[in-house]
């Protein structure tokens, strides 16, 4: 019944390799079937070259395994926190992609510096705060998710308009309408992280791009007045 | 009748992938048939892997569609402004290539630092000024073109001798005798942007290269006294 | 009798190419059969494309050749010093991989800045001290090994928990349970070296990551309470 | 009669592509047959994908064409100056490889920072002085060669022990026993240029490596006491 979902999630996981976003097994993709409340996610620590459709694990929104012989990704609880709190998203991606991870390790927000960023992310991509000792010692992956949700709430960011975050000293998460859209955003984030690094090195005092230009590009591609692409 | 033109434009668009200048659909190439005043351009938001000859859109110099089922690139109006104002050019390329985009985001001109630059661009590659709120809110793509033309006029730059520009907070445009020449210049610009970044990091006080050396290399490859290649 | 060992070592050497860790012949992998005290190591200066199973050299822990027509890697004495002093390791890798070598040339420890590092290395990856004139003039490769061992002893580092080192003005060594694990760690080290460079450029005052997060990630993957992967 | 020489030079030119040292036609390789005083060199501005054995041009030490329908590389006069002044070399390579070119554009010597450099280059790789207006306006390619030779004489550098140079605001030349050795050195130079950039960014006050270590590594691979490889 969920073979199609599993197959999509397998394919999306393999795209992480194609787009050079992962090394070894350091990444995971999930997708949710909102109607049935079923999530499909990559198994933990399985080589991408050996992963099969039946290895993809199915669970519900509380993390109870529905189907699957293997253990789900150790980051499952972070994914679930996204699905529980961001009601419009359909897919989540986590990677340790090099440039985005560099920003996360530096503990810095990735500010919008150009139209590539603006085409996909409507403002800065936040870097979360440091986690407390008890958060780390506790249900760490769940707490990671909670810190992300807190960041969006406290900064009043709409996750549908800024579909990505940098977890401090860790790496990026992105999301989207479905798992493929989430992978797409992971690619864009990596590209923005690379060019923002270079721009900032060239011009250390560089400020965010003009708000008007951010608006223009984001709204050119999103919302009811979008006119980019074949729509 | 314009099948050959369309085919060339399709091929040139695919070269952007080959030379690693684009991610997803973030780039577009056009070419003009000056005799008939017909421009062929990439459709908007179509995947490179799926693009076919018949998807290439034909229009006139005012942007009226002559043939094509799909919408043209959303950057069409910028391309047209080039063709209307730079009478000797035959092809235009726009990309978000990483290194050139980094300079554009930094808001800095790309100064000539070495003979690679001098072989193709006779002086600095300008970064345009910030656009005004009304320019952004208005016919944005057309205004983008106008700001570029303004830059060349105010700085008294011959577009035939400096076939590229960096649009502030956005990315590069290049042009040339035809669409393949424009792609060629896009590759060179990216390479110059990468090495200039590194040179400037190594030597922050670095000034432009000697004018005599710029002259020598540019004129070794261009104009009536050129002696590079098999001519 | 040691064909399987030789074959493993050949395969592991070829992985250095696959993971883009070497140029020409600048790298070597060895593995030890602890039961018989036999070490298999790459021959010196042989092209990777031409290397065959029978070219892999076998020797004992004192470096006496047991089998093999070719001379062993000139770094053999360094490898042996590892096997003699780190009793739990089964494989050793040396490369001149670009990013790790850059840190070694800079003479700087590679501090843990994020969870990628923490997943594999439980603390800073040390850069060794400069070698003395007599150490360099003497049994240089053996002395290189001795300086590494000294570094681990003086800094009280457990080599099983920090399976890598940067040799000053030279490059990285990594090790592991077997030769494939050692290659795996070489890949991780290179990735950490790249992202640490970028993070430090973005944030020059950046300090080590939180100790609690380092603990959490390292212990999530290692030791009796590990819960990453299918165990 | 010189088919073998031409074939070697063609192959060596193609290696520049394999090792990612060139873009388009920006590079050239030559080799000399010292016995007959015949030099084979790449033709000017010919695409690498289309180059054939018969396109390789043959000339003597004064540049007089002996055989070949095409014009030789415009850098021929620089190559000849090498062959006339460095009597032990058999091959010359010129590229605009990215990292080495970045150092040349920055106008900086590439100092030895690690054993990779020391294994091939016995000391700093010089960046030449700026050329005078009359040198640039005159026989430019010949004068480029003369400035290189001058650099080696004035700094008292043995070109057999430092087989490379950075031409100011231009790019690298390397040489070697034959054309393949010269290509090999071009690859090494590029790698040293990349890691030296990164090391210097990490540690701006970084000085040259220890002289003793430079000696050890260079002499481990070169001269009568060499013990690296299968000799």
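The first chain written gets the first letter, and so on, giving A, B, C and D; residue counts start at 1 in each chain.
Assume a residue touches a chain if its C-beta (ideal position, glycine included) is under 8 Å from a C-beta of that chain, and two chains touch if they have at least 3 such contacts.
Per UniProt, the chains are A, B, C, D = L-ribulose-5-phosphate 4-epimerase.
Treat the numbers as computed from the prediction; the structure is a model and nothing was measured.
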Item checked: Each chain counted as touching subunit C and subunit D at once -> none
Notebook entry, point to check: Are the two sides of the subunit A and subunit B contact the same residues or different ones, given that same means over half of the numbers occur on both copies?
Noted result: different
Checklist line | Length of the line joining the C-alpha centres of subunit A and subunit D, rounded to whole Å | finding: 46
Margin query: As a quick test, compute the distance in whole Å between the mean CA positions of subunit B and subunit D.
Written below: 33
Checklist line | Multi-chain contact sites of subunit A, meaning residues that touch two or more partners | finding: 200-201
Next item on the list: Over in the complex, which subunit B residues touch subunit A? Could you list them?
Entry: 23-24, 26, 43-46, 70-71, 74, 96, 98-99, 101-108, 130-131, 133, 136-137, 140, 169-171, 197, 200-201
Next item on the list: Show which residues of subunit D lie in contact with subunit C when the two form their complex.
Entry: 113-116, 184, 187-188, 191, 194-196, 198-203, 206, 209-210, 212-213, 215-216, 220, 227-230
